[in-house]
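Take a look at the structure below.
The letters A, B, C and D name the chains in turn, as written, and every chain counts its residues from 1.
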Amino acid sequence: MTERVVLAYSGGLDTSVAIGWIAEETGAEVVAVAIDCGQGGEDLDVVRQRALDCGAVEAVVADAKDEFANEYCLPALRANALYMDRYPLVSALSRPLIVKHLADAARYHGATMVAHGCTGKGNDQVRFEAGLAALFPELKVLAPVRDSGMTRDKAIAFAEEKGLPIDVSKKSPYSIDQNLFGRAVETGFLEDIWNGPIEDVYAYTANPAEPREADEVVISFENGVPTAIDGKELTPLQVIEEMNRRAGAQGVGRIDMVEDRLVGIKSREVYEAPGAIALITAHQELENVTVERELARFKRGVDQRWGELVYDGLWFSPLKGALDGFVEEANRHVTGDVRMELHGGRAVVTGRRSEASLYNYELATYDTGDTFDQSLARGFIDIWSMPAKIASVRDRKHS
Amino acid sequence: MTERVVLAYSGGLDTSVAIGWIAEETGAEVVAVAIDCGQGGEDLDVVRQRALDCGAVEAVVADAKDEFANEYCLPALRANALYMDRYPLVSALSRPLIVKHLADAARYHGATMVAHGCTGKGNDQVRFEAGLAALFPELKVLAPVRDSGMTRDKAIAFAEEKGLPIDVSKKSPYSIDQNLFGRAVETGFLEDIWNGPIEDVYAYTANPAEPREADEVVISFENGVPTAIDGKELTPLQVIEEMNRRAGAQGVGRIDMVEDRLVGIKSREVYEAPGAIALITAHQELENVTVERELARFKRGVDQRWGELVYDGLWFSPLKGALDGFVEEANRHVTGDVRMELHGGRAVVTGRRSEASLYNYELATYDTGDTFDQSLARGFIDIWSMPAKIASVRDRKHS
Amino acid sequence: MTERVVLAYSGGLDTSVAIGWIAEETGAEVVAVAIDCGQGGEDLDVVRQRALDCGAVEAVVADAKDEFANEYCLPALRANALYMDRYPLVSALSRPLIVKHLADAARYHGATMVAHGCTGKGNDQVRFEAGLAALFPELKVLAPVRDSGMTRDKAIAFAEEKGLPIDVSKKSPYSIDQNLFGRAVETGFLEDIWNGPIEDVYAYTANPAEPREADEVVISFENGVPTAIDGKELTPLQVIEEMNRRAGAQGVGRIDMVEDRLVGIKSREVYEAPGAIALITAHQELENVTVERELARFKRGVDQRWGELVYDGLWFSPLKGALDGFVEEANRHVTGDVRMELHGGRAVVTGRRSEASLYNYELATYDTGDTFDQSLARGFIDIWSMPAKIASVRDRKHS
Amino acid sequence: MTERVVLAYSGGLDTSVAIGWIAEETGAEVVAVAIDCGQGGEDLDVVRQRALDCGAVEAVVADAKDEFANEYCLPALRANALYMDRYPLVSALSRPLIVKHLADAARYHGATMVAHGCTGKGNDQVRFEAGLAALFPELKVLAPVRDSGMTRDKAIAFAEEKGLPIDVSKKSPYSIDQNLFGRAVETGFLEDIWNGPIEDVYAYTANPAEPREADEVVISFENGVPTAIDGKELTPLQVIEEMNRRAGAQGVGRIDMVEDRLVGIKSREVYEAPGAIALITAHQELENVTVERELARFKRGVDQRWGELVYDGLWFSPLKGALDGFVEEANRHVTGDVRMELHGGRAVVTGRRSEASLYNYELATYDTGDTFDQSLARGFIDIWSMPAKIASVRDRKHS
């Protein structure tokens, strides 16, 4: 029986060419798999037909938007995942989802190989291959762009030679990856890190500098999961879409940074993630209200490691599972409402209320009704400061 | 000889009354010490005279603005110190400075006691007393507001009875602490955490929502220390003042949060710190460019602990010293320029350049000139993902 | 109705006297609660009768040995809990167990107060009171030794005056706390930290220096829980008892250290915990075999924080719960057998086998059968070392 | 001019053959570099002559024992470096030393290449190449065993064919690496992890099970550096040698573990490091006496990361430098004497004394002379436990 390759298919030039390229190179049949994780663009049926027209023996398309929201974006939100304190892991979250579908398709279609269109200097190749190594280690991985010289020029030549139904003329000046949780842009002129981005690179966010009316929104959470906006119950997917729309309209969530790639280099990245940034901001403040101090302090380190791990392609790894155990427990009481003002590129919390609040008006107030027993302070301070005091006395004697 | 008390003197009602209150209570002479750490307001000579008029035997005033900038604000900047990822430690930084001056004055004036005007439920009492325990543990601490019932009403009655030269009529609705690095506001209506702040609570920052022209600024750093703005060399004090002015004019640096106090409660705090927020944002991005990945990752944990420690009143502690050793080494190459746009409440980095940059165009680019050897990737990925892969195979067998 | 106090009762002089002391001081009825967590000594019925004879209106005794083993010792084992890398938390583990029984008894007997016999400079007062604050915050806490001057001399005088059935003559030179998981000894001559312990302080362990035959033991674990010894299935309680006996007979588990107390001072402590040390050693090595590298690295920090938290009296705290979530997940595959040699004070692992092993002979061997693809190494090394290499080149240029 | 290769030369079969092998393969001249880091064995002049006899154009030998002790072993001691809480980094410490000498020799002799004899599945290849990438990135690395098929059989054939002056008949059943700080043994029968080591694998340590007299030793430290033994001042090298001798004679420092290699697999390792283990044990306890609690707690995480970094081949990396800054500051007061009993495989601290001690008899004692103010405790406990208490009340209401 002819061997089969499952190909992560986007519908674009590179992966369309890859269908024939891989078939020629390996003699195998190609099964194209295209996953909708909210990247927008063409209809899935069109994408499917193009794969078949380009020579795929099977073309599988799947609307995975809800799955992506529920099982990938929500855990990131509960971990306030911001790589390098800035980047909400947009692409890093979608890769394990795609990997899961590739592995499933490979099992279903009896494939022995899997292919992706990544280059050899980015993070995504690691995320694909590390994920596949975990889910289906027996699969052989093909990466024609990286390993068999399928450059853009050769891809265009191949497409023209074979008469593939792809418009090779339109070339965006930008390299873009986008999904429900945000959008990443790389481009030539931004590789000079002294250059600022121009308005043209953005698509999910309006210009924050343009005058417009502010938008006020109330986001409701249960156990760290957003469940309603302005009192209207929504699915996680709907929450993210709605916040993308409203926060995006206010220019919220633009990010411009120099970033440490897993493959050892620094790169310049521009992102826009209006919904993700607004939701994480709201979630963090609700944690401030509902999570106990020592848990909150330790969770910052857990959140950081969670983000690094996912960025580094280790979604399907034992540490990820154990961190999830911690994060789940920590979100148990992150329930309540956060009111935000979205305006001029800012998503600012202006109010919070929660039945699970640890904020205690009677203890906090300086007004009538204060129940805090101030006589406790002296004993606390003396014991709290004792180790440093003893050390200080020692330091002056012994130096 | 009569015993002496050194009093942390602000010039306001409470500490003015405390001069006489403490004298009556202890029979000791009171030496008032007022430190200018950039809080603005009255002339130091006026403050000095008021202390004497209120009965102090000595009144020491010191302009410590440069000392505060150099020895307290700069270390915080180099540690990107943001308590709970938000609050740049405004008050927490000035307390150890004041403590140092109190201890010096106590030595100089032969005092056996020291007094402060803090209440028993805030952080500042801890910062004062823990600092004094470290620098001058033999001093007895007096806290008349907390420990001997000097309520506001009693203070006003005392002032009127003694005819003290204080205007007791003007009562701000806000409780405010401010210095060079920022401003903290607490107030009755904000103790309901569902209420948003009103424009009236702010003094360091203009309303970000008002339309105005953007301001572009280039900040130069050497070893993590800001040394020039727009090419003009400035002292750290001047840098912070200039950035307060320019970032404040654009509404940058407003913070509204529920915060974990050291004394075990959560409180609602509103801050504004335009210079601090803009400078930390610039410093973080210059670190992104000049600090190696593993160092950067570990430094996030160090920075967090540094901020907690200072917030918790342990400035003068052995761990603080050792963290400083780390932070200093980590800032060794944080040298270069950052260009920011200040506008509409946002301080956004738009460019960075550095002779110490680790960003390498030749390695990062996807254009001609790429020197990254993509054939390395496969070996890296296979070994990088091997532990998780082996675990994944095991998990499927053993479950 | 007369108020009631629940007293943590040990049967010894101090708490026997406390029954009457508290009754006189408060006018309340005293309910004595004695918990057997494996401390040995007198029969529980004897203890119960003594409490009644000393004036308690009720005396509750409970054999909580299984509960202690299952719900307190096992979680500590799964977290390899060693405070300061040495001390297996013996007393710190029993206090929350006792607190739970006190709170239950207070609810059952309608008490409004709770009493303990701790002094004011140890950790146990914190563990009692912090635990009670979490489980039953409405209870008022009495600590007669600390707060109402019930010194040993006064206690003896009280006992003699009232004719209490306590032998006040026998006074151990040591202050001892012991339970199933180990034994703690403090004493006058050990307070000089240059003095070594003498053989006389030990009770759970034989002298390791005496010649004897080695003992070999195989401990079986499932999910981090020890389930059998030498192939014989046992309950956790039986496992710990058996290991106490066998490791104790070989002098395993003596600890002599200077320790950081929560109340701010350093103290000298001597412990013996033969079963705990042997079991933790075995568990750690089984983790080495079955836990993936990145999970193992992160878990060390989790384990350390778990130990600090429990030492610090915060068993009933949100962070403890979230760490437990992590630890549970991390122990999911810690299943298999560990063979140890117990001899001369040493508990040394000599073999391990596990169906969940991540040790892979084919990958590890240098002999025939090696399946590790060595050609991967070069790519891995080049990318692994790239960030440090780029930094090193920069450092030489910029310094 | 003919190109030159600097070869890390051990004097054994593999690297002796590599001289000619590399010369043939590359046409380059080979400069052999042999470093004495305390591995014992042959005289350096003999090693030097053999290199020349095998065809090296130059042979450089260096006694680097003091350098190794001072600049590699001491920093490890100050960081209590134990990879996976067990392994004192024996080989991992010597590799950067050798790398430094290789880079120096390459500069001096104008080499363009560097060669080592490591295989492709161990850690040492990474340590060599990552170190060289940092110190001399322009050098091309040759690894004939890994990359050009120089198996043991081929090496023997090559030696016989060329008549090299090497005795190829004696083949140890063990693969051994040893230096001043310890000794590592791998071997076929230990690759079955259920097998225990036999006495035959050990060389630095006597059998701990054999009866003998105990040995008592007093080690003096200044700033974390051991400076004297039993009152006699010694260099660091002498201290380690003396402790190897005395602790080794008592069977101290044997380690048998399954270890996580950097290259992604688990391996079985047997080590013996009598001096290292005894010195680290003593240093840890002196830290217990002289290092303040919060510093000590944070330092555990720093120590762990330091050990991982060095194990992972990143000695010459920015994070290493910054951690060193922390560790140096933390050791500032680690000064004093530790008395240990060495006996039966155990190195047990029995006494400690220090002018820099933070142990305070007056605060710690329960006897007359106690100066600890127990009335402070209640305030401390109430505030210390408040966050968990508030959370506990909330949890019961909201669940």
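As a working rule, contacts are C-beta pairs under 8 Å (C-beta built on N, C-alpha and C of every residue); 3 or more make two chains touch, one makes a residue touch a chain.
Quantities reported herein were computed from a predicted structural model and do not represent experimental measurements.
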item	value
Pair joined by the larger number of C-beta contacts - A-D, C-D	C-D
Distance from the mean Cα position of chain D to that of chain A, given in whole angstrom	40
Chain centre separation (chain C, chain D; CA means) in Å	32
Per-residue overlap in chain D, given as positions that touch at least 2 other chains	260, 263-265, 292-294, 301, 314, 317-318, 357-358, 360, 363, 375-378, 380, 382-388, 390-391, 395
Contact graph of the chains (line, ring, star, complete, other)	complete
Residues of chain B that touch chain D when the two form their complex	260, 263-265, 291-292, 294-295, 298-299, 301, 305, 309, 314, 317-319, 321-326, 328-330, 383-387, 390
Chain D contact footprint on chain A (complex, rising order)	290, 292-294, 333, 335, 355-358, 360, 363, 373, 375-380, 382-384, 387-388, 390-391, 394-395, 397-398
Residue numbers on chain B that touch chain A, as the complex places them	84-85, 119-121, 125-126, 129-130, 133-135, 137, 143, 146-147, 175, 186, 188, 191-197, 208-209, 211, 214, 254, 256-260, 262-268, 284-285, 288-289, 293, 296-297, 300-301, 304, 308, 312-314, 316-318, 339, 341, 343-346, 348-353, 357-361, 363-367, 370, 372, 374-378, 380-382, 384-389, 391-393, 395
